[in-house]
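Paired with chain B in one complex and with chain C in the other, chain A is shared by the two complexes that follow.
Showing the complex of A and B:
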């Protein structure tokens, strides 16, 4: 009964949020276009030939950054920005009076936004294939399957990390600024700017101890068909999620108490 | 069996105060000054199932804060509170399924989608079976005189249609306790009357308990046999509307536009001066002396325009409080 109810709620949320994303299709096209940093980095790395110094062939570099582009497209999290606005404008209150935790609505909105990006990204890839046909390749079924699962796992990790930061909206009216601060380690340690293999060993070890490489480098390398310890990667994501989940929950409940105390 | 029970319910906030200007900003940065504001001060009341109760008071009186405590949106600072057998602030699912809150200045419908999309989500969240949800939407839409409007994006609806769609969304799960905060805010006369009629019908047909706040006395007189009057966080009246009118009605409002300028003292014997700016004067005059006072005003002053009506609720309450203060001063040695 609970499963059936949960399924109905999930379906209703996804359908309505997908309809909403279709209303915002022009905006989503712009968002998708703004996520081309890995393609720019592909151009930079291909032009400089710096990959050879790190033992990466031009093909490995191009496949890595194309995969990173796909990972980036489907792991975008904007929870804090909408939540901050909802909390400040009082739109959170009606959600709090329904027997459904508001975070489920935001999660459904993210999944719907991902779905609405699929055709846009497909067109972008098609255009890239027309301009530079040699860049595209057909990944193996194993790489594709593991890569797609890793992308969703990476998305979940990013979402949970942002839930933790988002709960700070209950204490500060400008918590989104903190998220902008997190963007710096995310950019440099996730592998968006450079594959982790090209990092000096000490920096790589440091990066691997943070959640960031599992958000881009790990799924991108899986998708690119490189030799990756998939078990270790999925275990690391699971471990980070298990750490962030109770922290996020605790902060959420404490934040709600504060929100209630301050006047909702 | 009482459905809402509040005993010594209180809510206070801590706010930081800042002086204007650069010096004030710098002081605020290094040494913040806080002040406790009492929004609701030990109010007690109980409401029986099926009652339609008006919640009156001027701006900042504590009405919305009380409603938020009753719905569980905010945590009381003190006192005891029970709504439908639950402590609202715990926001248990069983409690949330029994209540609804409609705020005239807030919306739950998704702005860029037709209201039906939001209704489908609400139906799923509250566990309504699709057939039952469709039937319920049809029934409520009929009562609210909504039809094709439900298939238009909410942003394209008029204010009145939007409020009716909000009511539909808020009542879809058949709540037994309705908290309505200014549901007719900004509506034109026709839309206001239709919303009032709907609320009266809903209360009659379902036996739901309704607590309504409104600045519009028309809403209160049309719907609420009982009113709670709150001012500066304190409950000043809990009883029938007729009883409240008896306490407040002695006064009527007289608005005058004068041809000449006069000092305020010139009107001292004509009533309570509520407003006097240049040629415009607003007086509260005892109802039983209205005719002779107005006649005297017309005789003594050159009047360009005259209007007699009921004063705003704020003014009536002000008279009530002034008379209480005067009585208190008279009693003291």
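Showing the complex of A and C:
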């Protein structure tokens, strides 16, 4: 009974959020376009000899950054910005009255946004293939499957990490500014702007001890068909999620007690 | 003459009120400082990785590349101070209909929309950038006063180009009301200005010169500062600035004819 109920709620949420996202398709095109950073970095890296110095062939570099581009497109999390506004304007209050934790609604919105990105990203890849036919390749079924699962796992990890920061909205009116701080290690340690192979060994060890490389480097290398220890990667993501889940839950409950519907 | 004074007085009251409002959030100063230095450290780290393969990046020395990075940081700081707080709000004015009030004011509407607020949070970036530019360019050889003047003029041109790009994208919201974050796309693609334009493959170089004039934003002023400025590039930069600013002005005059206010 509960399973059926849960399924119905999930379906209703996903269908309604997907319809909402389609309404904002022009905006989503722009968001998708704003994820071009890995492609810009591909341009810089393919022009410099630094990749070869780290033992990466030009093909490996282009596949890596193209995969990183895909990973970036489907692991975008914007929870904190929406939530901050909802909390400030009191829109959170009606959500709290419903017999459903509000975070599920936001999670469904993120999944729907990913779905609405699929055709846009496909067109971008097609355009890329027309401009530079050598860039595209067909990954093996195994790396495609593992890569897609890893992208979703990485998304979940990013979402949970942002939930932890988002709960600070209950204490501060401008918690979204904190997201900018979180973006810095994500940008430079995740492998988004430089492959981890090119890092000095000490920095690389430091990066691997943070959750960030599992968010881009791991799924991107799976997708690019590189040698990766998939078990270790998935285990690391699961471990980080298990660490963040209770912290997020505790902060959420503590914050909810403080929430007084600002502006009400 | 009186009208100049009128605009000057308006500007002073605009900025003193918005500064007072922003200073209500002192925590932001700390966040901004950490984020500026974190971003700069990350950029230096990546730049150093790119130089690991050889002693040049697209024919640029380490010091030259640092000047480019400094100019990028400078423009980014100015964006945070002036462009982002003002121009990202145009879409809200269109959506809620408050643009009506702006158009009714006895002051040029483009001026009002572009200068209404100022945010102090870009100042740390501007300070760090000026330091980096001075340090790196003096290590590459102290520029003569004439070169310095030329570099300043080109920097001014790049500011005009940057402003026009932002304004055009923001003004497009008159037609596409729901395009919330067009300006964010611009900010993400301008990241390409972190590296000298010759570091990119030839096709991208053309794009970054003629389509999205990233080359004029950072590379051209940097070349002037390093004593490698050429008349063709300087002339091109000034021409691009005039064209971009004139274009933004024309677009705004044209856009007002299409503005039909909210709910009509």
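Everything below uses one rule, namely that the second predicted complex is superposed on the first by the 259 of 264 C-alpha atoms of A that agree within 3 Å, B and C clash if a C-alpha of one lies under 4 Å from a C-alpha of the other, contacts with A are read in each partner's own complex, and residues count from 1 in each chain.
Please note the rule applied: a contact is a pair of C-beta atoms (placed from the backbone, for glycine too) under 8 Å apart; a residue touches a chain by one contact, two chains touch by 3 or more.
Bear in mind the structure is a predicted one, so any value in this text is a computation, not a measurement.
Trainee: Here chain A is shared; do chain B and chain C fit on it together or clash?
Mentor: Chain B/chain C on chain A - fit side by side.
Trainee: Have a look at where A:109 lands relative to chain B and chain C in the superposition and call it first, second, both or neither.
Mentor: neither
Trainee: Classify the contacts of A:257 with the two partner chains as first (chain B alone), second (chain C alone), both, or neither.
Mentor: first
Trainee: In the superposed arrangement, which partner chain does A:30 touch: chain B (first), chain C (second), both, or neither?
Mentor: second
Trainee: Kindly classify A:13 by the partners it touches after superposition: chain B alone (first), chain C alone (second), both, or neither?
Mentor: So A:13 only meets chain B here.
Trainee: Touching A:176, do we find chain B (first), chain C (second), both, or neither?
Mentor: A:176 contacts neither chain B nor chain C.
Trainee: Could you figure out whether chain B or chain C reaches more residues of chain A?
Mentor: C
Trainee: Just checking: does A:93 make contact with chain B only, chain C only, both, or neither of them? Give me first, second, both or neither.
Mentor: first
Trainee: So, A:215: does it touch chain B (first), chain C (second), both, or neither?
Mentor: Touch partners of A:215: none, neither chain B nor chain C.
Trainee: Contact-wise, after the overlay, does A:52 reach chain B, chain C, both or neither (first, second, both, neither)?
Mentor: A:52 contacts chain C only, not chain B.
Trainee: Between chain B (first) and chain C (second), which, if any, makes contact with A:5: first, second, both or neither?
Mentor: first
Trainee: Which value, in Å, gives the least CA distance between chain B and chain C in the superposed three-chain arrangement?
Mentor: 7
Trainee: Share the list of chain A residues that count as touching for chain B in one structure and for chain C in the other.
Mentor: Chain A residues touching both partners: 23-24.
Trainee: Which residues of chain A touch chain B once you look at their complex with the stated criterion?
Mentor: Per the touch definition, chain A meets chain B at residues 5, 8-9, 11-13, 15-16, 19-20, 23-24, 90-91, 93-100, 257, 260-264.
Trainee: Which bits of chain C are touching chain A when the two form their complex?
Mentor: By the definition above, chain C touches chain A via 25, 27-28, 31-32, 34-35, 38-39, 42, 45-46, 49-54, 57-58, 176, 178-182, 184-185, 187-189, 191-192, 195, 199-201, 203-204.
Trainee: Tell me, which parts of chain B touch chain A in their complex?
Mentor: Chain B residues touching chain A: 13, 65, 68, 71-75, 89, 91, 93, 96-97, 99-101, 103, 106-108, 110, 112-113, 117-118, 120-127, 153.
Trainee: Under the touch definition given earlier, write down the residues of chain A that touch chain C in their complex.
Mentor: 23-24, 26-27, 30-31, 33-37, 40, 43-54, 131-132, 172-174, 177-178, 180-181, 184-185, 187-188, 193-194, 198-199, 203
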